[in-house]
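Input: one structure, supplied below.
Note that the chains are named A, B, C, D, E and F in the order they appear, and that numbering of residues resets to 1 at the start of each chain.
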Amino acid sequence: MDANAVLDLMWILVAGILVFFMQAGFTLVEVGFTRSKNAGNIVMKNFMDLCIGSLGFWALGYTVMYGESIGSFIGKPNLFYDNAEDMHNLFFQTVFAATAATIVSGAVAGRTKFSTYIIFSFIMTVIIYPISGHWVWQGDGWLTQLGFIDFAGSTVVHSVGGWAALVGAIVVGPRIGKYTDGKSNAILGHNLIFGALGVFILWLGWFGFNGGSELAISGDSANNVSRIIITTNLAAAAAALTAMIVTWLYYGRPDISMTLNGALAGLVAITAGCAAVSPMGAFIIGIIAGVVVVFSIDFIDKKLKVDDPVGAISVHGVNGALGTLLVGVFATDGGLLYGGGFTQLGVQAIGVVSIGVWAVVTSFIVFYVLKKTIGVRVPKEEEIDGLDIHEHKTNVYND
Amino acid sequence: MKKIEAIIRKSKFGEVKEALHQIEVNFFSYWDVTGVGNEKEGHVYRGITYSTSDIQRRFLSIVVSDPFLERTVEAILKTAYTGQVGDGKIFVSDIEEAYRIRTKEKGSDSLK
Amino acid sequence: MKKIEAIIRKSKFGEVKEALHQIEVNFFSYWDVTGVGNEKEGHVYRGITYSTSDIQRRFLSIVVSDPFLERTVEAILKTAYTGQVGDGKIFVSDIEEAYRIRTKEKGSDSLK
Amino acid sequence: MKKIEAIIRKSKFGEVKEALHQIEVNFFSYWDVTGVGNEKEGHVYRGITYSTSDIQRRFLSIVVSDPFLERTVEAILKTAYTGQVGDGKIFVSDIEEAYRIRTKEKGSDSLK
Amino acid sequence: MDANAVLDLMWILVAGILVFFMQAGFTLVEVGFTRSKNAGNIVMKNFMDLCIGSLGFWALGYTVMYGESIGSFIGKPNLFYDNAEDMHNLFFQTVFAATAATIVSGAVAGRTKFSTYIIFSFIMTVIIYPISGHWVWQGDGWLTQLGFIDFAGSTVVHSVGGWAALVGAIVVGPRIGKYTDGKSNAILGHNLIFGALGVFILWLGWFGFNGGSELAISGDSANNVSRIIITTNLAAAAAALTAMIVTWLYYGRPDISMTLNGALAGLVAITAGCAAVSPMGAFIIGIIAGVVVVFSIDFIDKKLKVDDPVGAISVHGVNGALGTLLVGVFATDGGLLYGGGFTQLGVQAIGVVSIGVWAVVTSFIVFYVLKKTIGVRVPKEEEIDGLDIHEHKTNVYND
Amino acid sequence: MDANAVLDLMWILVAGILVFFMQAGFTLVEVGFTRSKNAGNIVMKNFMDLCIGSLGFWALGYTVMYGESIGSFIGKPNLFYDNAEDMHNLFFQTVFAATAATIVSGAVAGRTKFSTYIIFSFIMTVIIYPISGHWVWQGDGWLTQLGFIDFAGSTVVHSVGGWAALVGAIVVGPRIGKYTDGKSNAILGHNLIFGALGVFILWLGWFGFNGGSELAISGDSANNVSRIIITTNLAAAAAALTAMIVTWLYYGRPDISMTLNGALAGLVAITAGCAAVSPMGAFIIGIIAGVVVVFSIDFIDKKLKVDDPVGAISVHGVNGALGTLLVGVFATDGGLLYGGGFTQLGVQAIGVVSIGVWAVVTSFIVFYVLKKTIGVRVPKEEEIDGLDIHEHKTNVYND
C-alpha cells in the first residue's frame, strides 16, 4: 500500500478509535443525568449497545448498509463480513452503528426492561440503522442520487437515534413521578460531574466522528479534515455558550446540564454540514442549535410531556434534523445564503423527512411488538426501588 | 442527663461548634439530614423551576449533664441564629443512662 | 410534645410525606439509614449470592405537640404500609422542651 | 421499652453486630456520623498537618423491650471496646410507644 | 526519514499514547471494584507503577529486554538508554512494562503495605518482566526460536502480571472478613461507574496495545493493523456478551462487574493471536474467554480461596494463558483447526508453561523475601480502618 | 498535498485533539481538589474557558498572536480567521489558548463570581495570552529574536496562566476559613479520584502538547517528536516520584494530592525544554520540579498566605518559570552544563521575567477593574452555602 493510502487508513483507524470512546461519553452523560439507583442498569445498556453493535454489525449490519444495492434501498446482506482490505472501514462503521443505538438508551432510562432494550438495540444496529444509512452513504442509495448531503450523519446517525428515542420514550411512558397533576417535575441527575466528563469525551470523540467521515486525509483531503475539525469545534463552542446565555436570560441562572446539552446539540447540528460550511457558518449553526435545544427540551418536556431524562430527542433528533436542513442554507457550495436557491434545502428536507418517517415507523413497530409480547417496562416497585437492585441484584455505589 | 438535638443550617455549623467549645461542650455527634419546614429554596433543573422545602441541614446530638443544659441551649440559640426563616430547632429530652465504652463509667461521669 | 421516629421504606417516602402534608405536619427532618430486621434482600456480587438484612431505609424524626401525635402516627401507619415484611417501625418518645432558633419561641409554639 | 443509642468505632461494627445477633437483638438501624470527642486523629493534606477530633463513627439506634436492656448494653460495652480513647458512648432513654407498620402491633409485641 | 518510516513511527507513538492511558483505566477499575477506604492507596500504587515503570524501564529494563542477547535468555543491560533513533520504541515498550506491574496491584488491593508494593513493582519492571519478554520479543530469545507466537503479549505481559498477582494474593493473604467459616463473602466494590469507565478506557487503550504491536503501519502492515483492530474489538464484545449471558443463566441476573471483567478477559485472550486469527476466530476466542473468566473467578474465589478483589488473576493470568494456547488452535496459518496439526499448539504450551513458571517462581521469591524482611501486610487495625487514613493520613472522599 | 505535508498536518491534528482533552483533565483536577458545593461552578468555568477560548481565539486572538508583526510586539488583528490552508494550526493554537485561561480557574475556585470570571477568561484568550505569545512564537517577536527558547510553552502558556492565577488569587482573596488566627487550615478536596483521573488525562494530553509543538513529524522531525515524548514522560515520572518522596520525608506520609501535583509540575517544567534536553536532562529537571513544587505550594500557602486550592500558581507559574530557566542549564546545545556558558541562561531569564511582568500587570489591571466595577467575589453567604446552589440553583450531586 502506498503512503497516501496508508495515511487514509490510519486516519480512519484513529478517528474510529475516537468514535469508539464516545460510548464512554454517552454512558457517563446518561449515568450522570439520571438517578443513582439506575446507574448500573445504564452502564449495562450502553455496554451491551457496544457489544451487540460490534457483533451485529460485523455479522450482518455492515453488508445490509454497504452491500451491493438492491433497488437503492438496501444492501445485499452477507453473514460475517471478512474482507481483508476493508477492515478499517468495517471498524469505522461499526462504532457509528453502536452510536445510533446508544442514543435511545438515555431517553428510556430508569424504567425500561433490560432484556427488551437489548432486543431493540440489536434490531436497531442490524436493520433500522443500516437500511436508512444505505440510502445516503452507500453511493447507490436513492437519497444519494437525489443529492442529499449528510456528511457525517446528523440525520443518518443522530436523527435516526433521536426519533427512535422519541418513540421509545412515548411507548415506554414517563417515569413514575415525572408528571403529577399535569405538571412536569424535576428528577435530578445524580452526578453532573460524570455528565460533564461525558460531554468532554463526546466532544473529543466527535473530532473523529466528523473528521473521520472524510474517509481520507491524504492529498486534498488534508485541508478538508482540518476545516472539519474547526467547524466542529466552533459549532460546539457556540452552541454551549448560547445555551448558557439562553438559560441565564430565561431561567435567571446559567443552567449546568442545559449548557452541557448545548455543546452536544451544536455537535449534532454541525455533523451534516461540517465539510460544507465555513467557520462563520459553523458558528451561526452553533448559535441556532444552542437556542433550539433549550426550547426543544422545554417543549418536549412540558408541552408534549414526553419524559426524556437526558434530552436525547432534542439533542439528536431535533438538532440532527435541523443541522441537516441548515446545510441547505449554509453550504458554501449550493446553500441558500450562498446563492444556491432552494434546491438543496428542498432535497435536505426530503431526506430529513423520509428518514424520520422510517425511523419512527420501524422503531414503533419494534417497541410495540415488544410491549405486547415480553413487555417494555419494569414493574412499578422495581422502578421505585431502582433497576439496579432488581435487574442486577446489586448497587453500584457502596461503602 | 439531657439530650439536646439541634437541627441547624450547615453554614452555621462552624460557629456553633466554636461556641460549644467555648463553654466546654466538647463531646457530640453530628450528621447531615434533609429538613422539611417553613423555608423554601428556589431551584432550577433543566428548565424546570421549582421550589422545595427539602433543605440540607446539620443534625447535632449532644448529651450533657443537667447543669450544662441551659448554657448549651443558649450557645446554640445564639450562634445558629440568622433571623431568616430556616434557622432550625432545638429539642431537649431526657437520657436515663449513659456509658463510656472505654472506661465503663456510667452517668454524668461518662460525659466529662 | 412528642418525638415520632419512623423508619420506613425509601420507596414509600413520597406517599408518607404527602400524607403528613395533608394533616398539616409540615416540619420534620429525615435521613437515610441502614436497617437490620426481619426482611432479607437477595444480592449477587461477582458470583457470590448472599442475602442481607442490611437494607436501605429512611429515618424520619418528627417532633409534634401532643394533639398531633395520634393523627401523625396514623398517617404514617397507613401510608408506609405494604404488608410485606420490612415496612418498618414507629417509635414515640417524650420531648421536654423545644426551641425555634429564629424566634427563640419555646414549647409547642415553636412547632407551629 | 428503651432506646439504646450507641456511638461506636466503624471498625468495631462487625463485632458488635455479631454480638447483638448472639443475644437475639436482630432489629436496629444504623448510620454514619461524625463524632467530636476526646480522640484526635492526625491528618496531612497538601502539606498541612492538623489533628482533628471530627472522626467518623457509626451510630446505632436500637429499641428494645425492658428485659433486653441490660444484656444489650453489656454486649455493646464488651464488643465495641478497644481501651483506646475514642471507643464511644451508649445512651439509654425511654420509649413511650412503638408500632410495627406491617402488622399495626403496638408496644413490646412490635419489637419481637 | 521517508514517509513510510515516519508513518510507522507515528503509529507507534499514537499507539503508545493509547497504551499509556490504560494506566488510568486500570486505576479506575481497581478503585471501583474495591472499598472507598482504600481508594487513595490504589491510586498511589497505580501512579507509582507508572512512574517507577517509566524510570526503571528507561534506566535499565529496556536493555535487559531488548539488549544484545546473552544466551537467548537476557539482554545485555545498559544504564539510561539514550539512542536518538529508537525513542519511539522505548516509549512503546515502557508503557507495556508499566502495564505488567499494574496488574498485580488490583489483586493485592486493600491490605498490602505501600512501601513493599513499590519495591515489588520496581523489580517487576526491571527484572521479571524484561527477562521473560526477552525470550519472546527480542528476536534472539529462546522462545522466539522455538516459534512461539505471542503477538502483543497475552503471555508476555498479561500472564506474567496475572501469575505474579496470584502469588502476591496468596503470600499477602485474603482481606479480613473475606473468608469466614470457610465461606467466601462478598466485599462490594464501592463505585462500579468508575469500574465501567475504567473498562472503556482499557478497551480503548487496547487498540493501541494490539494494533501498535505490529510496530508498523506502512505498506503491507496497514491491512494487518486494521484486522487487528477488528479482531480485538470482536473478541472483547463477544466475551462481554458471553460473560453476561453466563451470569444471567448461572446466577439469575446479568452481573455488572462480571460483564465488565468479561470484556477485559476477551481483550487479554485475543492479545496473543490478534494478528493471526480471522474475525470469526476472534469471535470464538471471545466466547471462550467470556465463559472461562466467569468460572475461573468463581473457582479462584470459592475453591482456591484466593482473594483477588478485581479478578486480575482470572482476567490476565488465566485468559492470558488461554489466549496464547488458542493461537495454536485458531491461527489461520498453522492452527489446529486450519490443518496445522498440534505443532504450534505444543510450542504455545511450552511458552505458556515456561513463562508461567518463571513468573511464579521469581515473584514468589520477591514477595517471600519482602514478607520476611519489611513485611507485606499492613497491621490489622490499619486494614479495618482503611489504608488511606493510615498510610496517607487522608481520605479521598470528603464533603 | 504531498504525503510528508499530510503527515505533519495529521500529527498536528492528533496532537491538538489530545490537547483538547486536557480541558477535561483540568476540570477534573479542579473539581476533585475543591469542595463538592462548588463543583458545578468549576465545571461551568472550565467549560466556558473552552467555549469562549475557541470562539475568541478564532474571532480575534489567533491573529493577535500570529498576524503580521507590528513592532515585534503584537500581531495585526483580523476578525474571524478563515484561511483554508491553515485550519490545523488554528485548531492547535486554539486548544493552547484555552489552556492558559483554564489555569486561573483553579486558583480562584470557590469564591469568584461566575460572570466576572468569564470576562477575565475572554480577555486572557484574546489579549493577554496572544500578545506575549507573539513575542516568542510568531517568529518576528522580540524574544524570538533574542534567542529565547520556550519550545512548547512553559512560560508562554503555563507561566502566563500561573502568574495570572497568582494575581487572581490575591485580588479575590482567600476562601472563608482558609486562614484563621494567622494559621493556614486544610480545606479538603472532595474527590481525589477525580483529581487523579484528571492528572492521568493531563499527562496523556501533554504528549500532544509537547509532541505537537514540533509542528511536524515528517523527515527529521520524526525522531525529535519521539524524543519529546520520552523527555516529557521521564520528567513527569521523576517529578511525581520525587514529590512523593519529599512529602514522605517531610510530612511523614506519601501525600496523594501533592504527588499528583508533582507529576503536573514535572510536565510543566519539561515543556520549555522537551526538545532541547536529553532523557537524563529531563530526568533531572523532573527531580528538581518535584522538589520545588512541594516547597513552593507550602511557601505560597503558609508564608505568602495566598489561597490556591489546586496549587496552580506553583505548578504552572513557578515550575513554568523554572523549567524555562533550566533550558539554559540543560540544553544539549548551548546549555550551561554542556559548555554553553551563561548566555542562554541569561536570555531565558529575560524572557521569564518580561513575560512574568506582562502577565502580572495586565491581569492585575483586569482583575482590579472588575473588582471596582462588577465585583470579583460572591457574597459571604453564597460562598458558605456553596456557589452551585446560588449561582446555578442546583447541586451537582443528588440521590
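Things worth noting here:
Assume contacts are C-beta pairs under 8 Å (C-beta built on N, C-alpha and C of every residue); 3 or more make two chains touch, one makes a residue touch a chain.
Bear in mind the structure is a predicted one, so any value in this text is a computation, not a measurement.
Common neighbours of chain D and chain E (chains touching each): C, F. Set side by side, the interfaces B-F and E-F show unequal numbers of C-beta pairs in contact, with more at E-F. Copies chain B and chain D of the same chain sequence form an interface built mainly from non-equivalent positions, shared numbers / all numbers used being under half.
Averaged C-alpha coordinates put the centre of chain A at 50 Å from the centre of chain B. With centres set at the average Cα position, the gap from chain A to chain C is 44 Å.
Distance between chain B and chain E, defined via averaged C-alpha coordinates, is recorded as 51 Å. Multi-chain contact residues of chain D (touching two or more other chains): 31, 43-45, 93-94. With touch defined as above, residues shared between interfaces to two or more other chains in chain A number as follows: 3, 7, 10, 14, 188-189, 191, 251-253, 255, 257, 392-394. Pairwise, the chains that touch each other are A-B, A-C, A-E, A-F, B-C, B-D, B-F, C-D, C-E, D-E, D-F, E-F.
If you check the complex, the residues on chain B that touch chain A are 43-50. Looking at the complex, you find that chain B touches chain F at residues 10-11, 14, 41-45. By the touch criterion given at the top, residues 1, 3, 17, 26-31, 61, 63, 93-102, 104, 110 of chain C touch chain B in their complex. If you check the complex, the residues on chain A that touch chain F are 3-4, 7, 10-11, 14, 18, 35-37, 188-193, 196-197, 199-201, 203-204, 207-208, 211, 217-220, 222-223, 225-227, 229-230, 233-234, 236-238, 240-241, 244, 251-257, 259-260, 263, 278-280, 283. Note for the complex: chain E touches chain F at residues 1, 3, 5-7, 9-10, 13-14, 16-17, 20-21, 23-24, 27-28, 31, 39-40, 43-44, 47-48, 50-55, 58, 80-82, 84-85, 87-88, 90-91, 94, 114, 191, 194, 391-399.
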